[in-house]
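Structures are listed in the sections that come next.
In the two complexes below, subunit A is the common chain; its partner is subunit B in one and subunit C in the other.
Right, the complex of A and B next:
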C-alpha cells in the first residue's frame, strides 16, 4: 500500500514540475526543452547544500536550491531570448546536453552514481518521512503552487504572456515589454522547476543524472500534451496519468522486463490519440471571465478625457 | 507645391527614406508628411512599398537612409515599443488580433498596464492601472458594439467584428498617430460605412492623426482627406484627395503597373 502512496507522491512532484512547464510553454508560448535541467539543478543543489546541514534545515536548502536555479536560469534565458522562435529550443537543448555531460563528469556530484543519503522532507521537528506525511506535504505544496500560478495567469502579467503567445509582434506594436515578460516567465518557471527538484531529492533520498536527462524533458512535454498544454490542472492530472503508467502496466500482469518498452509505446499511442481526438489535451484552457465595470464618475473629477 | 505649409502642420515627416531588401528597392528616397487632424491615405499598386513605409515608421524595419521625424525627434533606430511610447500605433494587414484572448482582453492588452516588471515590483500601482484599464475597456467595447462578445475568444468572432475589435484596440491607446494597414479589406459596403464613421470619430474626438494604406480607390475617396500616391517605392504625387485622384496620368500609372505586374 505504502508503495502506491509513494507513486502518488512522485506524481505530485512531477505535477509541480509540469505546472511550471505550463507557465513557460502553455501560457507564454515558449518551447523550452531545458526543464529537466532546472529540475536537476534544484535537486542537486538541495542535496549538496543539505548534506552539510544539521537535520531540520530542509526548508533552508530548498530555498537555497530555488535561488541557485534562478541564478542559472537568468543567463540561459538571456541567451535563449536573443532571437525569436526556434532559437529558444536550440539554446535550451544545448543547455540540456551541457548539463547532462557535466553531471556525469563532475566527481563532486557523484558522476553516474549520483548522490545518496539525502535527508527526508522535514519541517522543524515534523518529519515527513512516512509516505502519508510526504503525500500530505507534497499535495499541500502542489495546491499552493496551483493557486500561485492561477493568480499569475489571471493577472495582467498572465494576459500579457498569453498575448505574446498569440502574436508577439502585435503585442510589441501595442507597447508591450515582450522581452521582459518572457524573461520573467522563463525564470519564474525555472525557479518552480528547481523547487520541484529539491522536493524530489528530499523525497527519493537518492538522485542520479538519469533522473534529469533529455528523456525527462520529453516526459514533461508528454505530461503537458496529455493533460492539456494550456491548463495547470491539466498538467497535474497529466502527471498522475504518466507517472502511474508503468505501474499500471505492471499491475495488469506484464513482466517487469517489458514494462519500460510498453510504457514508451503507450505514451506514444496516447499522445497520438489525444492529438487526434482532443488536441487541447484532457483539460482545456479556461478563459478568465470579466464582469462589466460600471462607468461611474463619468465626467466627474479626475476622469481622463476619452 | 505647398511644402512649407505642410511642414507647419505635419505630425509625422518622412525625409528621403530608402530601404532595399537585397537587390529589391522597396522604398526609394521617400519624402512626405502625414498631417495632423486628418486622414491621409497611402495608395498605389501592389509592391509600391506602402506596407514597408508602415514597417519603417513603426521600427519593425530599419531604413537604409533618411529620417522619420515626429515632434522634432528622429524615430529611426527605435524599437517598435519605443515608437509606440512616442505615440504611434498601427494595425496590420489582416487583423492580427489575439485569437486566444477574449474580446475584452484584446482591448485590455492595448491599454496602459502592459509593462512586465512593474506588475511585480509595484503591484499596487499596477492594480490601480488595471482598474482604470478595465473601466475604459468596457466603455470601448460598448462603443464598438461588441459588449455581448466581451468574454468570447476573439478568434470566434466574425471577420467584421474582428475588424471592429482592431479599431477598439486603437481606441484604448492614448496615441496620437494611428497607422492602419488596409483597414477596409474584406468588409462589405454596410460594414465599410460603419467603419468610416468610427474612423472619423477617432480623428475628430481624439484629435488624432490617421494614416491608412488602401488600394481600393473608391474607399479612399470616402475616407481620406489627403493622398500620398506611391509607385515603385517612390512618391509619385501627394496632396488633396480629389486633386490627386483626378489626375489621369496617375490612374494610368496605377492601372498600368498592375497590368505589367499581372504579365510577369
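Right, the complex of A and C next:
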C-alpha cells in the first residue's frame, strides 16, 4: 500500500513541476525544454546545502534551492529570450544537454552515481518521511502552488502573457513590456521547478543525473500535452496519469523488462492521438474574457462592460 | 593526433548528412524534426537485419537501407505529420509530434531487438596505411559519397525545376503556393530526401560502431548544433550544413587532446551557445 501512496507522492511533485511548465509554455507560449535543468538544480542544491545542516532545517535548504535555481534561470532566460519559437527551443535544448553532461562528470555532484542520504521532508519537529505524511505535505503544497499560479494567470501579468502567446508583435505594439513579462514568467516558472526538485530530493532521499535528463524534459512535455497545455489542473491531472502509466502497464501483466519501452512507446502514440483529437489536452483552458473581468469589477451583471 | 583527426572526419561526415537532412526540413518546411533520430536508428537496424540476419551483401544492403529510410520517413509523414500540416497547426505542435515519432521508433526497436548493442561489421575491410595513418576503403568512400551528394544536391537546388520550387518554398511558402508550387510535392520531396540522407548518415557510422535503439540521439544533437552554426548562412545552405557538420566533428575529435572524452557532448553545444549569441537572423536574400 505504501508503495502506491509513494507513486501518488511522486505524481504530486511532478504535478508541481508540470504546472510550472504550463506557466511558461501554456500561458506565455514559450517552448522550452530546459525544465528538467531547473528541476535538477533545485534537487542538487537542496541535497548539497541540506547535507551540511542539522536536522530541522529542511525548509531553509528548500528556500535556498529556489533562490539558487532563480539565480541560474536569469542568465539562461536572458540568452533564451533573445530568440523566438524553435530557435528558443534550441537554446534551451542546448542548456539541457550541457547540464546533463556536467552532472554526469562533476565529482562534487556524485557523477553517474548521484547523491544519497538526503534528509527526509521535515518542517520543525514534523517529519514527513512516512508515506501518508509526505502525501499530505506534497498535496497541500501542490494546492498552494495551484492557487499561486491561478492568481498569476488572472492578474494583469497573466493576461499580458496570454496576449504575448497569441500575438507577441501586437502586444508589443500596444506598448506592453513584453520582454519583462516573459522574463518574469520564465524565472518564476524555473523557481517553481526548482522547488519541485527540492521536494523530489527530500522525498526520494537519493538523486542521480538520470532523474534530470532530456528524457525527463520530454516527460514534462508529455504530461503537459496529455493533461492540458493551457490548464494548471490539466497539468496536475496529466502528471498523475503519466506517472501511473508504467505501473498500470505492469499490472496488466507485461514483463517488467518491457515496461519502460512499452510505456514510452505509449507516450509517443498518446501525444500524436491527443494532439490530433483533442489538441488542448484532457482539461481545456478557462479564459476570462474582458467582459467577464469587467463585470466582476462592477460586481454586477450585463453584457456590456463598464 | 592524425587518428583523432580521422575520427573527427568520420564523425563529421555522418553528422553532415544528418545536418543536411535536419537543415533542409527546417528551412523548407519549418519543422525541427527530432523524429530523424528515430529514422536513423531504424536505418541502422535495417542494415543489421539485411546484412547480418538475411545475409545480403553489404554493397547491396546499404542502398536498400537508404531506400527503406526514405520510405519510412514518407510513411511517418503520411501518418503523423500530414494531418497536422494540412490543418496548419503551429510549428510547436509539429515539434511535439516529431518527439513522439522519436519515442515510438526507439522503443519499438528496443522491444524487437533489446537495448544491447549489435555490430553490423565485425572487421573493416581493405585496411591500408597512408602517411603513417591506418585507413580503410570505407573512410575514403565516406568522403567520396559526401562530395558526390553535396554536388548533386547543389546542382538539383540550383538548376532543376524541383530545386527552384524547394527554394521558393523556403523563401516564402505562401508566395510559392500562389505561383502554383504544390505544397504536397514539396513536402514529399523534402521528407523523402531527409529520410535518405539520414539513412546514409546512419549507415556510415553503423559500419564503425555498435548500433543501439537510442543511437540516433547523439548524432542528432551534433546535427542540431550544426544547423545553428549553419544558420549564419542564408538560403538552404547545403554547403554551410556540410561545413558546419565537418567542423563540429573535427572540433570534437581534436578537442579530445585537451578535453576528456566524457565531456565530448558538451563541445558542440558550447559552440552552439556561442553561435546563438553572435548569430544574426537569416537574411531575406537567399542563395543555395
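We take it that the second predicted complex is superposed on the first by the 288 of 306 C-alpha atoms of A that agree within 3 Å, B and C clash if a C-alpha of one lies under 4 Å from a C-alpha of the other, contacts with A are read in each partner's own complex, and residues count from 1 in each chain.
By our rule, a contact is a pair of C-beta atoms (placed from the backbone, for glycine too) under 8 Å apart; a residue touches a chain by one contact, two chains touch by 3 or more.
For clarity, every value in this text was computed on a predicted model and none was experimentally measured.
After overlaying the two complexes on the shared chain, residue contacts for A:116 are found with neither subunit B nor subunit C. In the overlay built on the shared chain, the residue A:177 is in contact with subunit B alone; subunit C does not reach it.
Residue contacts after overlaying the shared chain place A:85 against subunit C, while subunit B stays out of touching range. Of the two partner chains placed around the shared chain by superposition, subunit B is the only one that A:169 touches, whereas subunit C remains out of contact.
When both complexes are overlaid on chain A, the residue A:156 reaches subunit B alone and has no touch with subunit C. Shared-chain residue A:98: touches subunit C; no touch with subunit B.
Judged by the touch definition given at the top, the superposed model places A:130 against neither subunit B nor subunit C.
In the superposition on chain A, A:75 makes contact with neither subunit B nor subunit C.
The touching residues of subunit A, when paired with subunit B in their complex, are 155-157, 159-160, 162-163, 165-167, 169-178, 180-181, 183-184, 285, 287-290, 292-293, 295, 304, 306.
Interface of subunit A with subunit C (complex): residues 31, 79, 82-83, 85-87, 89-91, 93-95, 97-98, 101-102, 104-105, 218, 221, 225, 258, 261-262, 264-265, 267-269, 271-272, 275-276, 279. In the complex of the two chains, the subunit C residues touching subunit A come out as 26, 30, 32, 80, 83-84, 89, 91-93, 95-97, 99-104, 106-108, 110-111, 115, 221, 224-225, 228, 260, 262-263, 265-266, 269-270, 272-273, 276-277. Contact residues on subunit B toward subunit A in their complex (touch as defined above): 58, 60, 79-81, 84-85, 89-90, 92, 96-102, 104-105, 108-110, 113-117, 119-120, 126, 129-135, 138-139, 147, 150-151, 153, 169, 173, 205-206.
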